[in-house]
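Both complexes shown next keep chain A, but they swap its partner, so chain B is in the first and chain C is in the second.
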Partner chain A sequence: MRIVKLKQKNLNPFLEVISENTELWAPVRKYTDRHVFAQVEDVSQIDVDYTRTILPPRKIFLPPSFNMFTATEKEYKENFSHATKKILFGIHPCDIHGLLIMDQFFNYVFEDPYYTQARNNTLLLGHSCWPDEHCFCKSTRTHIIEEGYDLFFHRLSEDYLVWIGSSKGDDLIRLMPDCFEEKLSDEDIQFYIRLREQRNEAFQTEVNFTAMPDLMELKYNHPLWEKIGTACLACGSCTNVCPTCNCYNVMDHPQLKERGSLIHRDWDTCTLQSYSEVAGGENFREKRSDRLKLWYTHKIQAYISKYGKPGCVGCGRCIATCPVDINVKTVSQALDGKDVDAFWNRLNKGEIK
Partner chain B sequence: MNQENQCPPQTNPFKPEPARIVRTYYLTEDVKFFQVRIADMEKALSFRYKPGQFAMISVLGAGEAPFSISSTPSRPGLLEFCIRKAGVVTDALFRLKENHLIGIRGPYGNGFPIQNMKNHNVLIIMGGIGAAPLRSVLLNCLDNRDQFQKVTLLHGAKRPAEMIFRDEFFDIKDREDLECHLSVDQDDTGEWSENIGVVTTLFPKMEKIDPQQTYALVCGPPVMYKFVLQELLKLKIPRDQILMTLERRMKCGVGKCGHCAIDYIYTCLDGPVFTYWDVLHMRELI
Partner chain C sequence: MNKDKVKIGIYELTGCAGDALLILDCENELLDIFKAADIQSFSMAKSDNIDGNLDVVLVEGSVSTEREVEELKDIRKRSQLVVAIGLCATVGGIQARFTNPKEWEKNFKKVYGDVKMEHTPPLQSKPIDDYVKVDYYLPGCPIGKEQFLHLFTRIVKGAPPEKYPRPVCVTCKFKENDCLLNRDILCLGPLTADGCGAACISHNLPCVGCWGPVEGANLTSEYYLLKEKGFDVEYIKKKMANYSGTKIAEFFEKIKEEKK
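And now, the complex of A and B:
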C-alpha cells in the first residue's frame, strides 16, 4: 500500500480543496463534550479530537427518516436524494468496520439500492484514535483497519501518515501533490510503531467474544435474562447508537393534494414492544427480556455464525449510552458468569426493581 | 474527483409493480378473495413463483404488508390472495373495488419444496385462514396430479359460514384422485353434511398412508398446531417431512428491515416454510 506523509497544518487546506464540489462530512463538537458527524461548511468546524460520535456514521448512508418513493397510484417514483456525493472525513477504524459489516448485510441475497448508492457515492477518509474507558474494539479486532477506506490519516506528532486505500483516494492526493511527501524517515516509522504499541496497551475494557455463541445457546433460558429484562427501559437507545443496527419501518404518508403518498423509511428498534407484532395483535416478543435476547442473539451469536465475526465493533456507544448499564460489555460478562460491578451488582442487591 | 453520479440500479427490490384487482368477493364475514393481475402484461406472465411463497401488497395511503399467494403457479397470469381483515393495510384493501390499482412485489420466501415432494404422498391440513397458503400447493398438486402419490386434504373451520373456499372444496371433494375431509367445530346451520369436530377428529377417517413416503403440510391458527402435530407424530411422519408456514410482520420481504428475524434467520429469506424439526430446533418460531 502506498503511504505518504502530510504536515498536520496542511490538513485543513487539503480538505478544503478536495471538498470544493462535494459535501464534506466530519466530526464536529456538539454541546460541550459530545461529537456528531455533520456536514461542514467551514473546515475549521472539524474537531478530530473525539472518541465517538453520538450516532454512528450509518446515519449518513441511511438517514433516520428518508423518502424512498413519491408514489401515485400509477407510479412509484424512486427518490435517492440522500445519496449525494460526499466525503466523510474523520471516521475511526471501528466505524469503518461497522460499515463493512453493513455492506455485507445490505448486499446479502438482495441488494438494497438506498444503502449501496449512498455508499458508492461516499469517500471514506479515516482518522486514527485513542481509546477511552468504554472502547473495546481490540476485543472485536476492529481497532485496526486494513481495507474499506479511501484514505486513512494516522496522526503522529507533527505529521500524518496517510495510507492510500483506493484509486479514488489516490486521486484526492493528486489534487494537492506538493503537500505530500513520498519519503518516510526511520523516525516516522519508529514513532508510528511505538504509538501503535502504546495504543494497544491503553485499552481498559475487554470483552471475550470467543465463548459468546455457545453461552447464548447454553444460557438462553437462564434467569439472568429476566433480571436484565426487568431493568431494561426499552428506550431503544442501544439500537439507535449501534453502528451495525439496520432495522427499519416503512410508513406511507398520504398527500391529499397530490393524490399520492410519500413512502418514508424510518429507523426502527427491536427493543420496542410493537416491533414483533403480527396481524391481529399477536406478539412473539411481548417481554422485554425476549426482545433483548433477540438483539444480543443477533450481535454476539448470529453474526458470528453467518459472517464469522460478531455484529459488534467495540465502539463503546451502547456502554456510553444505556441509562441502566445494559450493554455488550455487561451482558457478555454476566453471561460469562463474571460479577459485573455496574448494574449487575445493583440488580443482585435488588436496587433495581 | 470527477466521479459521475451513479445511475440508479436497474432493479429496486422495494419498488411495487402496479397491479389491477380483477375480482374480489367475500369468502367469509372477514375474509376476502382478491384476484389480481400485474398491469404490465409481460411482467404478469413472467411472475414466477412457488406454492408457499408470498408477495408484498401495497395500498397507496395505507402501507404495505406481506400476503401468502393462494393461486397456483400452474395457472399463470393471475395472482390470487385470500386476505383476512386485520389491520390498516387490509382495511384499506377491503374498501377497494374491482379494477382498482394496488402495488405488488415479490415473490419472496422459500416456498414449499415441491421438487422433494414429487412422488410422495401429500397430506394437507388447514385450519381457518391457513387455507390461504395451502390452497396454492393443493391446486398445484391437482394440476400436476401424476407427479404425486396420494393427495389428502383435511380442512377445518369453526362454523360452516367460516369455511374459506367452501364451495371450491365441495366441488373437488368428489374427485377420485383426492381424499378430502371437511369438518366444522360447530354446526349452527343444521345443514352441515360433513364431519363435526376439530380438525384432528378427521385423522381416524383417513386411509392408511406410508409415513416415510409422506409430506405433511400444516397451516392454521396457533392452537391447531399442537394437536395436529401430535397426530402427525402418531402417524410416524418424519419431523423433517412435516412442513409449516409461519406468519411474521415484514416491512421489506428481502431480508433488510429486520422485523421477521428469529435467531439466525429471516422468515422472509429462510422461511416462511419451515419443517417441524426447524421449529423444535429454533426458538420463538411458534
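And now, the complex of A and C:
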C-alpha cells in the first residue's frame, strides 16, 4: 500500500482522464437532499458531499431487474450487458464492506457469474465521509476500510490523501503522474490523524453488536416480534436499500413474437407475504413478525456465525427509509431491553390518538 | 380458424372500457396478439363475434345489473379460465366503494330519483368474484401494457399467469424515489399492488392506489401512521376507500369497532 497526495482541484481532471474509455459511476444529487449512484457523462455532476445513496451500490453489480438469458428449445444465450467495464467513484467505507460481504456470499459454494463478472469489471475508488445522525458503522467496525478498494480518497482541507490499494489503482495514478505528490508533509499527516479522531467522536448512534447473536437466540419467542410485526407495512424497502441483501426471484417472460423466453432476475424481498409461498399455496411465513424475525436473524446472527461479522455495515439506510421506524437501531435497542422512541412502539402502546 | 390456438373472449361489464381500450392501444403488438390467439369475441375491436365455448375469457368491469349477473354466469359456463382485468372487475371499482347497502340505495336515489329501471334492475356494484369463480386477476385502473402483455403471452403459450403480490414501494425503490410517507405526504404505495412502474411517485405525486389493494397490505398500520402525521381520519378513509372497492370493507368495520 502506498499513500500519495492530490490537489482537490485536480480531482475532476483526473476522473475525466481515467474514464475516457470506461463508464464512470458516482454519487449525484437527486431531489434537494438525496443522492443516487448514477453513470455520469460530465464529472461536474458528481457530488461527493453526500452521506448515503437511496439504493446501495450493489445495484450496479446486480441491477434490480435484468434479463439473465434468453432460452428456446434449442438455444441458450446469456446476457451480461450489465457487466460493462466501470469505475465506481465516491463509494464510502461501509458500502465497500457491503460489497466485500456480497463477494463472500456470491462465491461461498458456487460462483454467481452475473455478480462476479460485473464485480471484476469494476474498479472501486472510495471516498471519505462524515457521519450523520443515522450512521452507526463504528459499531459494526466498518467505518474504516483496509482492503477491497483500488484507490481511496481521504479529503483534507485542500488536498486529498490517496491510498493506493491495488495494482490496478496504481495504473490509474500513472495516467496522470504529475498530479500526484509522493511526499507528504508532517502537517498533512497530523491533519489526517486529527480528522480521523474527530470523525470517530462524531458518531451519534451506537448499536451493541457483540450482544446481538445471543439476544436474538434468547428473545426468539419474545412478544417484541409481534409488536414489530403489527406495524410493519411489508413494503420491502428495508431489504431493497440494504447493502448486503441478496435475494432474488427468477421469472420466465415468454415472448409473443418469437419462440422462447427471457429469463428475468428481480430483487426479491423476504418481508413480502409472497416470499415464502411455495407450490400449492402453502406459506411458511404468513405473519409479518415471522418475516421480520427471519431478516433480523439473518443480519445480526446468522452472518456472524457464518462469516464472522454481521450482515449489517451500519450505513443507516434502513433508519432513513422505514416509515414506521423498524430498523437495525430500534430493533437491536429493543432486544437490549430498551423502550425505544419509534412509531411501531407508540402504535403498540396505543399512544396514537 | 386455427384449431391449435387458444380461444379467447374479451367481455366488458360496467366500467369505462379503459381496459379493453388499453388492449387496442398495444399498437406495436396488436397484429401479434391477433395472430397468437383465436380472439372469438371482442366487441370493442370487431363485429363478427362468436359467443361460443372458449379457453380463456378476460372480463372487464363490475357487475351492476341483473342482466350482467346472467351474462357473467353464462361467460363462466362457456370458458375454461376466467381472468378479471382492471380495477372494476377485480375489486368492484370506484362505483363499489359504498359497501353499505343502505348507503347505496340512498345514493342511487340521489342520482336517479324515483325512476324505475325497466330494462334490467340495477344492483349495487360488485367485483366479478362475488358471482363467479375467478382464476386470475390482472389489476390496474386501467391495466398496464407490460402486465397485460406478460399475462396474455403466458396464456397463449400455455403457461399459467402470475400473481402480482408486490406493493408499489418495491418498484418505487428500484427507481430510487424518495419515500413520500417520510416527507409526511399521504401516499398509498405500501397498500397498493405494483404494476404501474411507480408512475405517480416518479413524478413526485403520491400513490392514490389505482391498482387496488395488494395482498397482505397492512391497512391498520398505515391508517395510524397517517393519523399520527396529522391527517384527518375521514380524509384518510376516503383516500383508502377510493380504489379499494369492496375488498377492504372488513378493515373499515374494524376501525369503526375500535372507535366505539
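The rule is short, and it goes like this: the second predicted complex is superposed on the first by the 346 of 353 C-alpha atoms of A that agree within 3 Å, B and C clash if a C-alpha of one lies under 4 Å from a C-alpha of the other, contacts with A are read in each partner's own complex, and residues count from 1 in each chain.
Definition applied: contacts are C-beta pairs under 8 Å (C-beta built on N, C-alpha and C of every residue); 3 or more make two chains touch, one makes a residue touch a chain.
Fair warning: this is a prediction, and the values are worked out from it, not measured in the lab.
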Chain C versus chain B on the shared chain A, clash or fit after superposition: fit
Partner chain(s) touched by A:74 [first = chain B, second = chain C, both, neither]: first
Contacts of A:252 with chain B and chain C, given as first, second, both or neither: both
Partner chain(s) touched by A:112 [first = chain B, second = chain C, both, neither]: first
First (chain B), second (chain C), both or neither touched by A:23: neither
Touching partner for A:237 - first (chain B), second (chain C), both, neither: second
First, second, both or neither for A:270, with chain B first and chain C second: first
Superposition-derived comparison: chain B or chain C, residues of chain A touched: B
Lowest C-alpha to C-alpha distance for chain C against chain B (Å): 5
Chain A positions touched by chain B in one structure and by chain C in the second: 251-252, 254, 277
Residues of chain A defined as touching chain B within the complex: 18, 21-22, 68-69, 71-76, 78, 80, 85, 105-106, 108-114, 116-117, 120-121, 168, 171-172, 175, 220, 246-252, 254, 260-261, 268, 270, 275-280, 282, 284-285, 290, 294, 297-298, 301-302, 305-306
Residue ranges of chain C touching chain A (in the complex, touch as defined): 29, 32-33, 36, 149-150, 152-154, 156-157, 159, 162-163, 165-167, 169-170, 173-174, 176-179, 181-182, 189-191, 215-218, 220-222, 224-225, 227-228
Complex interface listing, chain B residues touching chain A: 1, 3, 5-6, 8-9, 12-16, 18, 58, 60-65, 84, 86-87, 90, 101, 103, 222, 247-249, 251-252, 254-259, 261-264, 269, 283-284
Residue ranges of chain A touching chain C (in the complex, touch as defined): 30-31, 34, 36, 53-55, 64-65, 230-237, 240-241, 251-257, 267, 269, 272-274, 277, 288, 320-321, 323-324, 343, 346-347, 352
